[in-house]
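Read from first to last, the chains carry the letters A, B and C; within each, the first residue is number 1.
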Amino acid sequence: MRRSGASPPRIDSGVAARVRGDFAFRGLVLVLSLIATIPLLLILAFIIVRGASSINWQFITELPKPMGEPGGGISNAIVGTLLLVVIATVVSVPLGVIAGIFLSERGKSRLGSVVRISVETLMGIPSIVLGIVAYVWIVRPMGHFSALSGGLSLAMIMLPVITLSTEETLLMIPVTLREAALALGVSYPRTIMRVILPAGMSGIITGVLLAVARSAGETAPLLFTAFGNPFMTVNIFKPMASLPQTIFNYATSPYPEWQSLAWGAAFVLLVIVLTLNVVTKLVTSRWKIQF
Amino acid sequence: MKLSRIAVLALVLCAAAALGFGQSIELVGAGATFPAPFYTKLFDEYNKQFGVKVNYQAIGSGGGQTQLKNKTVDFGASDVVVTDENAKSFPMPFLSIPMVAGSVVITYNLPGSPELKLTPDIVADIFLGTIKKWNDGRIVALNPSVKLPNTAMTVVHRSDGSGTTAVFSDYLAKVSADWKTRVGVGQSLNWPVGVGGKGNPGVAGLVKQLPGGVGYVELIYALQNNMPYALLKNKSGAFIKASLASTSEAANVTIPVDVTKVSLTDSDAAAGYPISTFTWLLVYAEQNYDNRPKAKVEAMMKMIWWMTHEGQQYAEVLSYAKLPKAVVDKAEAILRAVTYGGAPVLK
Amino acid sequence: MLGGIAVSVLLIAIFFSLLLSSRSALVANGFRFLTGATWDPVTDTFQSLPFVIGTLLTSLVALVIATVLSLALGVLMGEYFRSGLFAGIMRTAVELLAGIPSVVYGFIGLFFFVPAVRVIQTAIGAPPYGVGIFTSALLLAFMILPYSASIGREMISLVPADLKEAALSLGATPSETIWKVTLPYARSGILGGVLLSLGRALGETMAVTMVIGNSNSLTFDILGPGNTMASVIANEFSEASSNVYLGSLIEIALLLFVISTLINIAGKIVVNRMAAV
């Protein structure tokens, strides 16, 4: 028989319930978090399984075949995406870096706030709206679709990303570096070009790569600018195929041959985009400038 | 350092562009998905034989008309002749050349893929949303030997501007007064029910995936995807299965003087399929606009001539009907009317 | 210096371009553009309500799902696993989610989510469309998740430690602390993150247009097909035949531009206010 006073203190049942609730909450949070990552696993699983089997030499080097015929490849789409991204980069990087420099120097001023709001607004514009703008500005006056107009719509998407990441990078460079250069008599433009920019180069490149990863996957603006092309072309004044548009056209078709082309194209696109994302992460962590 | 790299890139791009100017003739066309399997086969063959490249984007008849209007393409493709009203907004007069005939079939997704018989009023009521289930009394009465399930019907229509839609709605307006008043005829309609797919392939794809789905596509899309399609009762009272033969029957009509006024829907032909149509290529009558090089225009006109003559041999294997002789004669006359700087391009 | 101004000039040029290109439609459609529910190219009647409602419905459903999931992620990475291998893996996973292109999401949507939703619909007796507002909202939720999750995590980690420790020392369990102290404190920051994600969701085009069913009638049936502003532009832009048709689509683009800009600004203001505290 238990003697009162010698038994261990009983935990209040209310507290026990709360402890159980704590456990349940933690479990819920974990479960929900894992659910959030489901699509990533799904995407990787589906695309790796179905896409990798579509990849062969024919796939990378051939052009698509007429509707309903088996075989064919996406060589034109791969080249098209590369060219479109190059055009977009050439146009957006100079402007974006300059704007980023401006924001890092004068970000706090009245004009700086106006510019910052402009950049952030630009970032929030849906890509399809930018595609319409490119159509009105370039396709219509030019009279035909072109890789140029597609590249320019992608440039408008990349611009704010590059601007903001350049600003962020440059703000991390200690002001002493700039002041030292200026104190030594280096002119202001030279200070920017020879001292500040090189110091922030890895961060700027990171920003560019991230912007590239984003624009490589954009489809909507290309629908009525680059338009697509079943042939291979490197002429930027002609319509051009692209990986995302190929995926879109073929994924929604009922032909199994085209659908497997789409899986393969999605595989290639994902490899490009995810590699860029992972590489930039490694670059940032490894090459961060130590001051 | 960075600037010079960019300059080099820009130079490379210019070089690439310049290189592009020396390539073989390239034509850009856009439009209907209805004849797209036929056209893409033709362009592929023409490229193999003559080296001319054609970039054809199947974005729907509406897209073909708009892009030609905006002069962003060399030719447009449309299943319907442009309405007079729309034609007014084109910057210059254009010509419509008949290319081939095809049929719009009602395809569906039912277990066992049975062959169903349908009448015009049933079809209209399906797409109006009045008939909602597959085992509706009227359908059962027509198909006593088929075990129709108690599944809901999911209508699939086009989400883009479509000549196929225009032809289909033209037919429905002829056979159903209800359809005529409630929905009307056109490339883009205010559909009472259903989901939209992009292009003929999009509709076929959706119907293929949706149990109980029903949609309208060009015959070849149903055939290439092994999808069942309905036998439709025509004006003469016979239940016709869409095929090369029944399309040709429907196409064998007296051609009016202005071939663009011809309509094959609700055909009088005894063995003709009731939803058939010609499909058209659209080009400007005077081809010397925007500095178009003469060589390119000649290449294009030769190709279209080839398409209406030698190219017709590729139609039947894809179940499109060749142009009847009377129509080919009309096409020749239209093609000869295309001029460059006032002089006819084709002799 | 010119570079900075160039960006602002670009933005203004974009706005005015959209305005000018749609002027014929602005005049023809009038105010009914915003209130009417008929989109009928046959009669040249263009009214945007079906798409505005469609956009709102997909975005709001997506927001609800995304907020729940990103709160979970924010709590996980802001409280329970702030560092370490698991935290690193989760963070990388979420960031990778952000990098996946919209069209790839749409592809997976077509081949996985649509059949899955169809199974659910058949089970509850609804028409087995598979495509529809709910399916696209589901996809959208996963697409905007990374943004609200990272902002949420930041906001949660900004909560002062002494507040949390006070609660714990008074006998609250860790989860009670999170639920009753941390989350309410970070509430406005989380709201800001939600608004920013909404801004992103409004403009998503490709994934939505592939799985939403493209039905242009006004509907509130979440399990059925619908259409959004971005999606209808993608579907119909290259073939809008009349000037009013094209202008009306550009008018929708203008509306989209204005709405997403306003929501983004609102979100930024809320987030900045929280971070400044």
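Heads up, the rule we're going with is that contacts are C-beta pairs under 8 Å (C-beta built on N, C-alpha and C of every residue); 3 or more make two chains touch, one makes a residue touch a chain.
Keep in mind the model is a prediction, meaning the values are calculated, not measured.
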item	value
Mutual neighbours - chains that touch chain B and chain C alike	A
Centroid-based (C-alpha) most distant chain relative to chain A	B
Which two chains share the largest set of C-beta contact pairs	A-C
For chain A paired with chain B, centre-to-centre distance based on mean C-alpha positions, whole Å	38
Whole-Å separation of chain centres (CA-atom averages), chain A against chain C	17
Set of chain B residues in contact with two or more other chains	30, 197-198
Junction residues of chain A - those touching two or more other chains	97, 252
Contacts with 2+ other chains: residues of chain C	238
In the complex with chain B, residue positions of chain A that touch it	65-68, 83, 86-87, 90, 93-94, 97, 139-140, 143-145, 197, 227-231, 233-239, 252-255
Touching residues (chain side chain B, partner chain C) in the complex	30, 59-67, 69, 86, 89, 152, 154, 159-161, 183-192, 194-198, 206, 209-212
Contact set on chain A toward chain C in their complex	18-19, 21-22, 25-26, 28-33, 35-40, 42-43, 46-47, 95, 97-99, 101-103, 106, 111-112, 114-115, 117-122, 124-130, 132-133, 135-137, 156, 159-160, 163, 213-214, 216-220, 223-224, 244, 247-248, 251-252, 262-263, 266, 269-270, 273-274, 276-277, 281
Chain A contact footprint on chain B (complex, rising order)	2-3, 6, 9-10, 13, 16-17, 19-21, 23, 26, 28, 30, 36-37, 40-41, 43-44, 53, 55-57, 70-73, 197-198, 201-202, 204-205, 208, 220-221, 224-225, 290
Residues of chain C touching chain B in the complex	38-43, 114-115, 118, 127-132, 213-217, 225, 227, 235-236, 238-243, 246
